[in-house]
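Consider the two complexes below, in which chain A is the common component and chain B and chain C are the respective partners.
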Partner chain A sequence: MALRKVKGNLERMFDKNLTDLVRGIRNNKDNETKFIAQCIEEIKLELRQENISVKANAVAKLTYLQMMGYDVSWACFNVIEVMSSTKFTYKRIGYLAASQTFHPDTEVLMLTTNMVRKDLNSQSQYEAGLALSGLSCFISPDLARDLANDIMTLLSSTRPYLRKKAVLMMYKVFLRFPEALRPAFPRLKEKLEDPDSGVQSAAVNVVCELARKNPKNYLSLAPVFFKLMTTSTNNWMLIKIIKLFGALTPLEPRLGKKLIEPLTNLIHSTSAMSLLYECINTVIAVLISISSGMPNHSTSIQLCVQKLRILIEDSDQNLKYLGLLAMSKILKTHPKSVQSHKDLILQCLDDKDESIRLRALDLLYGMVSKKNLMEIVKKLMIHMDKAEGTSYRDELLSKIIEICSQNNYQHITNFEWYVSVLVELTRMEGTKHGPLVANQLLDVAIRVAAIRAFVVAQMALLLDNSHFITGFSQRASMCEVLFAAAWICGEFSEFLTDPKATLEALLRARVSTLPGHIQAVYVQNIMKLYGRILTSSGSDASMDEDMVAKAAVEEVSEMVAARLPSFVESSELEVQERASCALQLVKFVQKQLTKGQAAGLGAEIVSLFDGELNPVAPKAQKKVQVPEGLDLDEWINEPPPSESSDSEPEVQRPSLFATGNAENAYVESYQSSKPAELTQEEVQRNREARQQEQACNPNYLKGGGKLESKSGMFDVAEVPVAQLDLPVALKIPGLASSDHYLQKQKQTSSKKKVSTKKKKKSKKHKESSDEEELAAPLHVVNTDVGEMPEGATLSDGMDDDNNDLNDPHRALDVNLDEPLRAEETLPVRSHREAVKFEVTGEKKAKKKSSKKEEKVKKSKKQPIMMDLLQNGEHTNAPTEEPSNDFWLDHAEYEAMPDTSQSKLQVEENEKPKKKSSSKTKEKSKEKKKKKEKKVINEDSLVSSLAVEAPTFVPDLKQTMSNKDKNVLIVS
Partner chain B sequence: MMQFMLLFSRQGKLRLQKWYQAYPDKTKKKITRELIATILARKPKMCSFLEWKDLKVVYKRYASLYFCCAIEQDDNELLTLEVIHRYVELLDKYFGSVCELDIIFNFEKAYFMCDELLLGGEIQETSKKNVLKAIAAQDLLQEDEAVEGALREIGLL
Partner chain C sequence: MIKAILVFNNHGKPRLSKFYQYFNEDMQQQIIKETFQLVSKRDDNVCNFLEGGSLIGGSDYKLIYRHYATLYFVFCVDSSESELGILDLIQVFVETLDKCFENVCELDLIFHVDKVHYILNELVMGGMVLETNMSEILTRIEEQNKLEKLEHNRLMSFRAPSNPSTPTPHRLGSNIFFFT
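After this line comes the complex of A and B, so read on.
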């Protein structure tokens, strides 16, 4: 026997302990995996030994390896063995290992139930504490159900150390076993007034977490929290309470009104930034919930904004960030008060910290107006030129578009300006937002009918100079813009000044390097243009006679027929198919031309693309009714019984028609729609406006603005360089510059002030700006939501799919004010009855019924509103929020019977307390805490002496009015 | 509620991880990897917060160690920074000017400390003194057992 012991000890001397393992790993950096594999082998051997200390050592090492990312789940049993040791040292190691390696799905967990229960009820508070800490990491629904009662017993332990752990643990239990909430809640509520501040703050934490998810059930606790808030000086707890109020106020505006004052006081007095920040957040929430009718409404919002400005101006980046974050919350409801700090926010755009710049960008979104939009966008464009990182530049780009397009282009007065901004954006290198820009171009062209002529002219230029966009491979995503350009030119081809040139641009050889879905759109629009040219040159019967027109048509047909085959050879099915169709069509036209029977053919080709397609509402697809008898979940063909049923094959399945691309689908839905007819007048006006614009544009080449470069190459040297002082150099003649509009806007506004002074000289100019002002309403945005399937309305059943069924907080949404029913108890069971739980549960419930009654009585002693209900007239509606009385206004309150006496009583009790608390403010922190405890004690005395529940309401009232007095004296 | 806490070195080595929300191991590893890469890539003068998926990440660097916590959307960032700071202070008190090596070689102590400060992602004890007292008492228990064990082995007990 002794010999074996000695031998065992000898062996242990050669074992590696944890330190050896760590050191070994550090010394074997080159062959770490090999070393660790070797260690794991050793650990496996050690785990097989009887000696518990060897095992514990092995488990400790495993915990370390687990942290390094190695799988140690195979050792679960050994972890439990170590956990069940009677020695605290090993138990500690065991529980640590368990908390790190176990999770709620671990299979061996069911073996731990009785062991954990034993530890929870251990004599040593530290063993029970270990069990609670460990359990919080791996508690499963089963464990929660089985141990709920034991944990609840710990809530009334004599040791604060255990009480506070148990309180926090209860939250985890509720999440896993929601049925525990109602039976356990009364006791949890008691803990809010626990003499130990740690327990108290733990209880606040738990209730705060619960209430944030289901606020309406916790409204009745508001009085308790209000009292805590006005008396406590523990910042950790105050923050939680204030956060809790932030969750409650949206449900009860009257609470918000009461909160404003204490919160503003805190904002003024506190030096802790975290508390200040929380107060501001809650005040914002309050202000959002109170729609109107507060006299000091604007002062408190001003106070918030003022404080936030101080935060933003602080040199600490963290405060700056949070200041901006909170500011954006205010922005939603009180944009005006934020807008006055525009300077500060624009300044933040120059910050060296990217996350701060992004926050500032968010704020800009709400600060634009019709007046300053152009200016702000200009600033952002300059930033974009300077931005070093692509991700930030992408963010800027998408923000520009987001800002401009918000609320159906609400702030845009001049769409020509917006289109030129978009065109300028196409020149951004290496951005991933090409599709976004393309989408905007399409959207504007479709929705704003009056702008089409301008867009078409710009798009034709883009197509003509497409090599600028496709020139570098890194601009890949920007080529999506060509997709939009091609479609717009084809669809609204009646606005084209030179359809033939555009057609040529579409047919260029380099087009074949574009992505397939763009080529497909090209082909389609080539045909639209072709049809347009056919109809426009020599319409109908006259064509056969008019030899010039016929020659022109033949030339065009020749060109199309010659270039289309390159599309036919495309490897993209979609392009191939469309191109072959188109080619046959052109060949047919050619044949008819030679026969001299081409009359009316143009019109017929145009009619191929006839018909208007309306925008489709974004959710229309979801609304399509499933036809009866169609089961969408049924297999059409049984899936092959492959074992490797990864999702990969599905992902890799090529989308035949490139439908993966949203833009494509979008455009296709519009294809062949007939362009909306513009009246002659409108066309005329557009033309005039355009000519005016061209005249003012120094970069505009007279005579069409297009270079007849047949080679398709565009010589940059030929661009006349005029006015180099323009901040953005224009590379493509004829492309509008957004700056131009900005200048124009400034001119107009300045002119308005100077009025008729220069009337004669600037008459033309003036006309144009007048025209622009007129044109603004002309740019009517079609804001229709789009078509929906028959019988479907926009709103029905929209939000259904937003609710997450797995959210544990759904189950915790229970009425906590309702008295407990007889069957509502926590499952209590001893070791042997474990299996028969369902059967014995009821019996137990009966046995425990006496205990339960006690519990109910206990809870009645608490000053909850239920008693008030039973006294008062409101008894008929027990399910209603019994707390309503807390929100009664003073006058309403006084009308209530039977309370004036107790009110007086409390007034007396209240005054000394107030004094003491105001004194405490002046004293040092240490003392504060002590005093605070005293106050709480006094308080509990007061409540136990004074009384019946109803006094609670006046008590609070009193607190508030006293506060008033305090403030008055101070001010 | 805090979702998890990570400690890692400037070289990107994980030194401590505590998860208060159940994730599968695979996800945990992925999150850890991504977060470490994101945070290490940030410049020193940048603010300590970043939005990451639907969580907010609060981190702070102390010497060569990064302390990083993930919290929910409506949690208070500054409070989380205070929790981190409190944890560092506690470690500092316990180890006596703590350094990375202390945490590497006594990682279990660091965990124990964490368990006394936080439970289930909520702050459990706001008083430094109480935390240190609890830890000291438990260490004492261990020592007593060690002495007892040694005596028993020699045969004195």
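After this line comes the complex of A and C, so read on.
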């Protein structure tokens, strides 16, 4: 034995320690990976030795390598060995390694239970503290369940250091083991009034975290926090409490009213900026929650805004940033009080700090009015030219569109100006917001009838000069604008001055480099224009005689028939299909022309694209009733046999078919394998069919751009750049400039005092001529959103954060004021005893495997738990009473009866539930007993694994500690 | 909650990484890299808050950082933390390091990353602020160091100080002496 020790020590002298490792890595910068690979080999050798100090050294090195990005999970068993050392030095190394490398899914964690428990109960507060710190990083649901009671015990430790850590630890336990929350809560509440301020602060911290997700359950704690807030001087804790109140006030306006005064006092008195800022934030939250019915709240708002102005004017960029952040919260409810500080916010737009500029941008949308919109947008456009980063530029672009389009273009007095702004935006390089600009163009053209002639003229110019938009690779997303341009020119072709020129622009060879979905729109609109030209070139009846007109028509037909084949050859299915239809149509017209029977053909082609566009509500689909007797989830055909799962690759279709036809999708869905996937496939197929239908239907075009925008990347390398040789041509003649309108507005601003009521309910009204005349200069905006199905709002369907199924806080949403039931206890683990954990009824999540379950027999319950139970009931009962007093300091009793009644009802409702749940519990008990017997009978090995596994480590530890003892004894 | 604490130098080399939510090693390195890119391109006279960081968190998370000489100290926190409070906490952390290492510099962090972790463990536990009072933090650290020293001395009393480069026969002999 001694000899082996000597040998171990001898070898240890050649080992690298952590410092050597770090130095070595620094000296081997050129072949770092090789050096580290060599080190890892050495570490593996060291870990095989029995000397604990060698192992600890190796584990310390691994922790360092983990930081460098090396996966060291293979050594987790050795980490546990080092953790179980009796020496604080090594234990520390072990726990550090564990906290850096373990995570809740680490398999070896089940081996640590008893070791961690022993450390938690250690005589040395630092060993227990170490265990708590480490555990907080890797606690798993099993560990949380098994150790909850031990951590609870530490809550009443005599040492504040441990109490503090245990309180924080409880939060982690709650997250992993939600059932612990109710039994542990009374004890946690006590800690809010702990004599040690550190423990208090920790408890506040935990309650804040809990209340952030489920605030309503913590309303009853408001009096305690209120007392703390008015008495404590610990700024850190005050900040947390004030933040908590910010989360609670929306639920209880009475609390807000009580808070205003102390908070205002704090705002006036405190010198700490952090506290001041949080106070302002909470006052804002209060004011938002009681925005009505509070007579003197304008003074509070004034105070906040005034203080925020001081923050924004401060030279410290951090305060400036936070000031703007808080300002944006006020803006939502009290825009007027913020607007008076417009100068300051516009000034921040010029700040050198991007974070601050972004915050100021957020505020802008509240700053604009009819009068200053043009100026502000102009300023933003200048910023955009100067901006360096594309992300900032994108942000600017989307903000421009946001502030202009808010409330159905409420602030826009001149739509010609807005369209010219949009056209200028298309010249921005490298933005990803092409679809946004395209959407705006479409939207304006559809909603504002009076502007159509202007838009069409601008779009025709854009189409004619499309090489400016598609010229550079970075502008790829901007080519979406061509989608809008082509559609607008086609749909409102009656406004085109030279349809033939536009038709030519659409038919250019370069078009074939555009993304497929844009080409498809091109083809469709080529036909619209073609029809228009046919009808417009002379009245149809006289066309046969008028040779000049006939020649012109024949020429156009010739041109279209000559150019369309290049679309037919497109690799995009959609383009191909539409182009070949169009081609046949043109050929037919040509045939009729030569026969001299073309009269009326133009009108017939136009009628193909006839129809009025009406807005479609985003949720219109909901309006469609599912017919009775139709089960959408039912199989239409027999589900395919599950054996054919080898056809899996079929499901992953090449992107070429992403917008492919429904038939195709159907075949695949039939072939595909798993039923679950099939339903998904079905959804996908329906979506595709719908998309295709929408793409064909001009009424749906608005959405089409978005849906398909990603389907094709167009190769810009092939675009001939020769035409860019002339720098003069960069200014397209005839393209409107927004500056022009800005100047005009300044000149005529005195004249332009026009009534701005221009909302109209339905589009049909707009056709009536007298209204049209009156509204023409004002640009009527059709603000109709279409018919919404009942019960649907524009924003619904957006899931709340709270709906996230993985959020552990969901399970923590329990009523904490309800007295504890007898069976609600923390599981107590007595050594090597078949114990089963009691389930508390319906809220219990899925059972862990019954092997791990333990049973607490009521007779064997440890005294601490009884104590806890009594405590829980004891402390719960009185808090109900004073809380009522807290809310109602004045004569505010009118709201009270309702709440108390509803509480009573709730209690009544719950009684029968309890009965039934106790019945089911008995049943499940019996079942579990049977199961346990089975386990024992089946195989002793399995059961030993389940029950005795945790004791495995202590055994190992014993041997180790024996060894260490040997050393000590020898010495 | 604090989601992660990162310390890296002006070149993006990690000096300390503490994640309070599990990410695998590759992801951790990516996060460090992304955070470095976000933080390093900012001037020293701009504000210390930064939104974004697509890998870690999301819209609810902020990066709050301070730049000291060659090192960046970055805390990734959610909205339940006070921005200015965290800035103070970083200050406390660095001042504590300064006290413990006596005029701390990057080399101290490079060679004693374990000690830095122990110090951090007294400030933050499991993503929640444990203690902000520096004297309290220092006492706890000193007491634990004392514990270590005590064990070390006890160890050294029967084991000669080992210098890996010069294993002289004399030392070997002294070891044997202790074991007989």
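Definition applied: the second predicted complex is superposed on the first by the 662 of 971 C-alpha atoms of A that agree within 3 Å, B and C clash if a C-alpha of one lies under 4 Å from a C-alpha of the other, contacts with A are read in each partner's own complex, and residues count from 1 in each chain.
One rule holds in what follows: a residue touches a chain if its C-beta (ideal position, glycine included) is under 8 Å from a C-beta of that chain, and two chains touch if they have at least 3 such contacts.
Note that the coordinates shown come from a computational prediction; the quantities given were computed from them, not determined experimentally.
When both complexes are superposed on chain A, chain B and chain C end up clashing with one another.
In the overlay built on the shared chain, the residue A:153 is in contact with neither chain B nor chain C. When the shared chain is aligned, chain C comes close enough to touch A:20, but chain B does not.
Once the two complexes are laid over each other on the shared chain, residue contacts for A:406 go to neither chain B nor chain C. By the touch criterion defined above, A:70 lies against chain C but remains apart from chain B after alignment on the C-alpha atoms of chain A.
In the superposition on chain A, no contact is made by A:497 with either chain B or chain C.
In the superposition on chain A, chain A positions 5, 9, 18-19, 22, 26, 53, 60, 63-64, 67-69, 71, 87-89, 92-93, 96, 100, 103-105, 124, 126, 132-133, 136-137, 161, 164-165, 168-169, 171-172, 198, 201-202, 205-206, 209, 212, 236, 239, 243, 273-274, 277-278, 317-318, 320-322, 352-356 are in contact with chain B in one complex as well as with chain C in the other.
Contacts from chain A toward chain C in the complex involve residues 2, 5-6, 9-10, 12-20, 22-23, 26, 53, 60, 63-64, 66-71, 87-89, 92-93, 96, 100, 103-105, 124, 126, 132-133, 136-137, 161, 164-165, 168-169, 171-172, 198, 201-202, 205-206, 208-209, 212, 236, 239-240, 243, 273-274, 277-278, 317-318, 320-322, 352-356, 358, 967-968, 970-971.
The part of chain C that touches chain A in the complex is made up of residues 1, 14, 16-18, 20, 22, 24-26, 28-29, 43, 45-51, 80, 82-85, 87-88, 110-111, 113-114, 117-118, 121, 125-133, 136, 140, 143-144, 147-148, 151-152, 154-155, 157-159, 162-164, 167, 172, 175-176, 178-180. Taken in their complex, chain A has these residues touching chain B: 5, 9, 18-19, 22, 26, 53, 60, 63-64, 67-69, 71, 87-89, 92-93, 96, 99-100, 103-105, 124, 126, 129, 132-133, 136-137, 161, 164-165, 168-169, 171-172, 197-198, 201-202, 205-206, 209, 212, 234, 236-237, 239, 243, 246-247, 273-274, 277-278, 317-318, 320-322, 352-356.
Looking at the complex, you find that chain B touches chain A at residues 1, 14-17, 19-20, 22, 24-25, 29, 43, 45-50, 74, 76-79, 81-82, 104-105, 107-108, 111-112, 115, 119-120, 122-127, 130, 134, 137-138, 141-142, 145-146, 149, 153.
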